[in-house]
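Note sheet for the following structure.
Chain naming follows the written order as A, B, C, D and E, and within any one chain the residues start at number 1.
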Amino acid sequence: MYRYIIKRILFLIPTVLGVVFIIYFVMNITPGDPARAMLGSSAPQADIDKLNHELGYDLPFLQKYFNYIYNMVVKQDFGISYFTRQSVFAEIWPRYIVTINLALMGVVLSSVIGIPLGIYAAVKQYSLWDTVPSIFAFLIAAVPSFVLGMILLFVFSLKLNLLPSYGITSFSNYIMPALTISIPPAAMNLRFTKSSMLESIRQDFVRTARAKGAPEKIVIWKHALKNAMLPIITNIGLNLGMLIAGAVVAEKLFSIPGIGSLIVDRITYKDEPVIIAGTILIAVCFTIVMLMVDVIYAYIDPRIKAKYARMKG
Amino acid sequence: MANYVGTSRREKVKNNKSTPLIETIGLRKLFKLNGGARLHAVDGINLKIYPGETVGVVGESGCGKSTLGRTILRLIEPTSGQILYNGSDITKISAGKMREMRKDLQIIFQDPYSSIDPRKSVIDIIAEYMFIHKVYKNKIDTYNRAAELMDLVGLARRYSSSYAHELDGGRRQRIGIARALSLNPKFIVCDEPVSALDVSIQAQILNLLMDLEEELGLTYMFVTHNLSVVKHISTKIMVMYLGKCVEMASSDELFQNPMHPYTKALLKAIPEPDISKRDEEFALIKGEVSSPINVKPGCRFAKRCDFCFDRCIQEDPNLTEVSYEHFVSCFLVEKNKVEK
Amino acid sequence: MNELILDIDDLSVIYKTDLETVKAVNGINLKIGKGKTLGLVGETGAGKTTTALSILKLLPENTGKVTSGNVKFEGTNLLEMNEHEIREIRGGQIAMVFQDPMTSLNPVMTVGDQIAEAIIMHNEGLSKGEIEKRIDEKLTMVGILPSRKTEYPHQFSGGMKQRVVIAMALACEPKLLIADEPTTALDVTIQAQVLMMIKELRNRLGTSMLMITHDLGVVAKICDDVAVMYAGEIVEAGTVHDIFLGEDHHPYTEGLFGSIPNLSSRTKRLNSIPGLMPDPTNLPEGCIFAPRCKYCMDICIRVHPNTVFDETHSLKCHLFDGKLRRDKQEGKSEKQ
Amino acid sequence: MRNSGISFKKQSQTKEIWRRFKKSKGAVIGLVMLVIILMILLFADFIAPYTAATKQNLANKLQGPSLAHLFGTDSYGRDVFARIVHGGRTSILIAILSTISSCIIGSALGAIAGYFGGKIDSIIMRSLDIFMSVPDILFTMAVVFALGANFVNLLVALTLAYFTNYVRLVRSQVLNLAELDYVEAARAGGASSARIIASHILPNAMGVIIVNTTLNVSKIILYESTLSFLGLGMPPPAPEWGLMLSEAREFMRTSPHLLFFPAMAIVLTACSVNLIGDGLRDALDPHLKS
Amino acid sequence: AGNSVSQNDNLSPEERTIRLRVNDSIPSLDWEQSTSLRAVKVWHQMFEGLYGMDEAKGGYYKELAKEVSLSDNQKEYTITLQDGVKFQNGEVMKASDVVFSYERAMKNPRFNYVTSMIEDVVEINDNTVKITLKTPFSAIDHTFFSIKISSEKEVLEQGDKFGTIPHKAGTGPYYVTEYNVATDIKLNAFEDYWRGSPAIKKIEYRVISDDAAAVIAFENHELDYLEDAPLTDWESLVKASGENHSLTKGNDVLFLGVNYLSPTNNNILVNDKVRQAIFYAVNKKDMNSAACNGYGVETPYYMPPEYVATSPKDGFETYEYNPEKAKLLLAEAGYPDGVDVGTILTYGASTGDKAKMAQVLQANLADVGITSAVSVMESAVVLPRLYDQDYDICIYADSNNFDFNNIRQMVHSESVGMYIVKYKDGPFNWKRLEELVDLGVSTSNVDERVGYYRELWSITMDSATLLPCLSKPVPTVWASNLEIGTPVPSFYKIRTFSWK
């Protein structure tokens, strides 16, 4: 098991190398340059070239790639932002935390809303408890999240003046953005949980439990749910990945200084160090979340644990 | 309809000992598992199948019966060893040549449900192999031949455009048989073709297989775990245990004179529909089949064997011919023989 | 017959799906005497499992429905019980072992916990230690080391899983054990072990048993009485002797015996029953076996046969109309 | 020999699926809704002339719904109804085309990875893992920045964002299917790998792929609108739902109808597609029905 | 949310913080490092230049310069500094700081356009500097305004970190106390400010990138001052602000450029009549309505004459909206049935004002039979294309200068930046254009300069290559308890504000 985890963590290395490569490649094919973006339209080309040179932007793309990897590995240095001249790490880290917080809240919210409703819908299949939330889930899942965000902003900030419309100074600031990004995945969770539970309820061992004389409560929660958890957890894991990236919308909408909107903004400036470091952080987070999902899997399902244990290295 | 007698079959076989149709020499298949462990599915099988014979392969679930069958047909690449077809090695021939060879070597699967593509109509399934090998120049001829095959296996033509899921297990298994016959093979591996069927249907299919054998001069390798079936259909029987052959003899000989402790136990374990033996105790083998992963040397059956002694744990017993055409792999038998 | 533990009378069960109505069980009568083992034989789809499930009211909620009949367990009709009452019966009085040991255990619970659950459910107020003791006891009984109770089902082989399932079923010492093809999924040698164990336990605990199987060999070994089921009906029933040694048989029973390759005598061809079981959504009007029957007569196609009784032997075939002695009390004709 | 017994109908399965599909009320409602939507889009030119969708009339801007303008007018005085009717063409066409292209690319990669396994599988899947850990939006922005926002580039961007789903999906399907005996049976008959993939594996994986595809269409419609919201969508003035929404944003308070109608169009379309997808999934998987 | 507001309200004016919006993060606290308008607005509270800019009346005034004298050759400015000016770190401002600041700016390519005419800056004594120009340059005021004076000591002490952490390097009325790039910047009053400590003691700039959120924040009393508010919500903002709102005319001008060198459609745009037809087809009123919600000012001027003394007011073609004439011209050009002129290229948000103008332009052109496409792309992509004359028609904006000399960058071949129409070597009188640019700055006589610029602008307009369309309005709203004096478009000064 530990070997498996270590192996997975080691896979972060090629992931990071790959991500850096992809970004450099992508940046390489996009037009524009950081100096022009920074110095503005009135700077003469000579100065632009000079600055680009100082920044190291004009190097060939492979050289940039290897330099970056070298600095990152040997000096633990993620570089200096082209745009702000600040240490990339110092700039990104607080924003990263904000986004992670937001995404985690999104995950928690979407799970807390979606999963119990999904279970209920499965258990009470064809009743009102099933149809109403299901229909609602269908509708919600079809609403673009920024529209949801706008509606929330309109209702809770403007009309009711209950929640702040921007920033991240307090917990209440997180409520609307977290809702914005979590409602669509909550709807997904509902549908997912429902079908997973329906599947699980049909299993033979559930019938065995009934044949033992177990009351329905135990049958559902102890037997069916635990077995239905696996796909649900994968879904939650994938959600988190999606939410980190999807937070961009909420970040834009609620003026939240997160990493997603930072990356998006800096693409305009071709601020490669920031984009790369930001993407690496997201990729690492994504990978770790997926690893956590697998570990939780193993925790829930002894068969999977055994499988990991068998993998020696 | 062919009119044959059990014994005549046996005679015929014995007379025909020239070259085996299929011969395996030290055939092994080790599956590499995640993490590097090796699963000994088939572990050094030497088997000769003569034309016209029906060789039954019995053994418990997971002992490597199917793997053996599939490896012989090179549906799974063997890890080592040779497969000779009519005396020539087919282990190393190219994929293209092997594809040609498949005309002669066919297989019928255990599960008539999963072995038929649910998206194809019956006639298409039967005709598929002929299309692959371009046996006929045009579609009509191919389909006509497919229809003939349906007649042959006793499948009404009105099912030709049905889909497998509309049919019951018995009819599906007939499709599988028709498909296997479509290229006029010489040799067919029947991988538990009746295990998934009800007794009444099972009988229909077994009858059909035996009729076809006679009519078309087929050679079967018949894989099963059902001893009564295997006795009924085979001329020669091989008993497998954890990838190894523990005993091999003609059908009658094996049932009359089983030698390996495992074979003996196996024969006794079959509950017979006969209440006269009602109060007889089952001959139990203690324990269960052990894991085929990373097996250690020594007799594979040693752990469950009542007669196990030191040597059994230390060395592999060899398959030795204890009497005419009766091979056993057991130190006990060897010892007895020596003593004799 | 002596005292009955289970008396199924005129039970009919249908499965109603959006497409069709499957008449899975059609007016069957089954009786199990105290301490006796009844073997219920029949091919796939005959309705064996359905019968078992309806005894415990475990039919799938949305589709399965009992349309008529009584299931009397020690005199009380199980079918009239409410959820709560039947829960007391399940596991406590009547336990069931399902066909496939691989799927009847919860893969994410230790086997010990699963057995414990069965015990706790019917023995409130048992201390932890007592429960543990009982688990150990049951596991030992089925030949599994008690130390393995903290393991998960996937760590057990098929035979051991089936033992666990049996230990679980016997955890509360039920009066009746329903075993639905308990060894079909197992290898012959393991099957022998499990059958042996069942037989022994049954003898030791004096449990009555309903043994569902399609293997006549198993029946011959274990059962006292046999009922042969075909397309939702009991076509023949009697003691093992009636069935295995008796002269008169329903043609289906005959066919069944003929289909089995015999180990002791080698036949050239097997006596297969031609044709297939009728579509349970559309059963024939007359005798359900008529389309496949080699003795089929005109009447067979038109008229549904009545059950004819011998003392212990009953048959449902026009061939025997009047041939067997009609039982006076129970000889009322069955009709759908 | 006569050939009469043989006919080539392949209907029965489709029929069966259709029958099960019809059972689901939601799916039927979804289908009816989608058909109506598609009809409207198909006959857009008859319902409202294209010029009404682009013709500006600043004097008449930001009107609420009225008889003359069913859904009101936008900030250029263009008819919102006409824009929705014509805009849907672009939105849905992009969604469908990018779904198809991501499906083709993803399925091919997934099938190759799953069927051949081993090194090929590892290489494809590990690269995919890396690719997936880079947020989609980055690729989208790169493409749109590098090449400009237009129909084709949007297609490229959306395809890049969505093909990964298919790789995983099809691979797992193929892994399952390749285990099945009928694939081995085909090999036993001498079929080549290409033939096996094309004629046995993919057709059988089709059900799941189709379900995923329908659900994907709705996801892409939503993602498309999000891109427009972030300024990466179709360029103005071509009518397109996402663009309309993003244009409507600043008028959210003053003229909410500008937000409402395109949002409804998206919601209804995505919802109907989802309903159909769900119905199809149940229909294709009889196991799910009790 | 609301609570924090009321808390602020309960505080005494001394304690109260004025909360303003910045629409995006400000990447550096060094005025040299970030030159976006939003940043400059913030610097203005912290730094001062030799000159200040008077937006309300137009023109520049002396700020840190007490006296300025110009040598006869019009090249040497001798500047005496204000007395008693202290940097926020307590140091007294000396001439050396001015030299330091200028020399630093002259090395920075961002400031090229305001420093390229300077030969050198030398310290005469502690209180006096001499700035020598390469050639006479009467528009130097803007340079004196643009270059801020920062403390040499503070800048050198902070070294590399300068800009990334709070500093006290300015002479302005406020200094930074907290700097969170992503979220907010906090400033405190500088008690030793040379003009006297300001009335408002605390400032907080909050980063709110979304317009709608900003409007809501203002309406919820989370902001006290909101300039550049979205025009679509103007009415509701007006309502929310009571009396406290103003809509000033800005000096941001939106232009239309036509690349007569474009090879599109067989060099269609080289045809004078086609370009003129395009210009006559432009309906600035519609553009105003779409891009500025009708609050902008349709303008034929390069710069608003009321702000810019050197701006010509008349004497040039203005291309009043005349679709009939446009059609006529098109017919004369040989395209009575319409013609395709290629793509209207612009940058910024797809819902931004330039994109909106482009859409209206497209519709306007369509009305007279000219077809075109619209393409809105990222400025990083578009601007280089404009400078390379790689476009057909473009829409772009120019802003924030109060001297007509700014036109140099658009018409002079040696200018840097904005040279989007290549007049040099072209069919127009480009030599005269360049000469007029130089003449314009060679004298400080305003009338003379207006004369030159009138001719220059007339030539430009006749070429039908550049067309000013709209002057963007600057909407501002502020809290009811805030007194701000005369509202100005961009460079408001919080030191002039006070709590009621």
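One rule holds for everything that comes next: a contact is a pair of C-beta atoms (placed from the backbone, for glycine too) under 8 Å apart; a residue touches a chain by one contact, two chains touch by 3 or more.
Remember, predicted model here, so these are calculated numbers, not experimental data.
**Student:** Among the other chains, which touch chain A and chain B together?
**Tutor:** For chain A paired with chain B, the chains in contact with each are C, D, in label order.
**Student:** Suppose chain centres are the mean of their C-alpha atoms. Which chain sits farthest from chain C?
**Tutor:** The most remote chain is E.
**Student:** When I count C-beta pairs in contact, which pair ends up with more: D-E or A-D?
**Tutor:** Result: the pair with more contacts is A-D.
**Student:** Measuring between Cα centroids, which chain is at the maximum distance from chain B?
**Tutor:** Most distant chain from chain B: E.
**Student:** Suppose each chain is reduced to the average of its Cα coordinates; what separation in Å results between chain A and chain C?
**Tutor:** From the centre of chain A to the centre of chain C is 53 Å.
**Student:** Starting from the mean Cα coordinates of chain B and chain D, work out the distance between those two points in Å.
**Tutor:** Comparing mean C-alpha positions, chain D is 49 Å from chain B.
**Student:** Hey, how far is the Cα centre of chain B from the one of chain E, in Å?
**Tutor:** Those two chain centres are 88 Å apart.
**Student:** Taking the mean of the C-alpha atoms as each chain's centre, how many Å separate chain C from chain E?
**Tutor:** 91
**Student:** Residue numbers in chain E touching 2 or more other chains?
**Tutor:** Where chain E meets two or more other chains at a single residue, that happens at 212, 378, 380-381.
**Student:** Can you pull out the residues of chain D that are in contact with at least two other chains?
**Tutor:** 145, 249, 252-253, 290
**Student:** Considering only the defined contacts, which chain D positions touch chain E in the complex?
**Tutor:** For this pair, the touching residues of chain D are 54-56, 58-59, 61, 75-76, 145, 148-149, 228, 231, 233, 235-237, 243, 246-247, 249-254.
**Student:** Which stretch or stretches of chain C touch chain B in the complex?
**Tutor:** Residues 43-44, 157-160, 187-193, 195-196, 214-221, 240-241, 244-245, 255-264, 266-274, 276.
**Student:** Under the definition above, what is the set of chain E residues touching chain A in their complex?
**Tutor:** Per the touch definition, chain E meets chain A at residues 1-2, 24-25, 27-28, 33, 35, 109-110, 112-113, 163-164, 180-184, 206-210, 212-214, 216-217, 219-220, 222, 378-381, 383-384, 387, 409, 416-418.
**Student:** Chain B touches which residues of chain D in the complex?
**Tutor:** Residue list for chain D touching chain B: 1, 3, 5-10, 12-13, 180-182, 184-192, 195, 200, 203-204.
**Student:** Note which residues of chain B are touching chain C in the complex, please.
**Tutor:** Listed in rising order, the residues of chain B that touch chain C are 4-6, 60-61, 168, 170, 198-204, 206-207, 210, 225, 227-229, 231-233, 255, 265-266, 268-275, 277-278, 281-285, 288-289.
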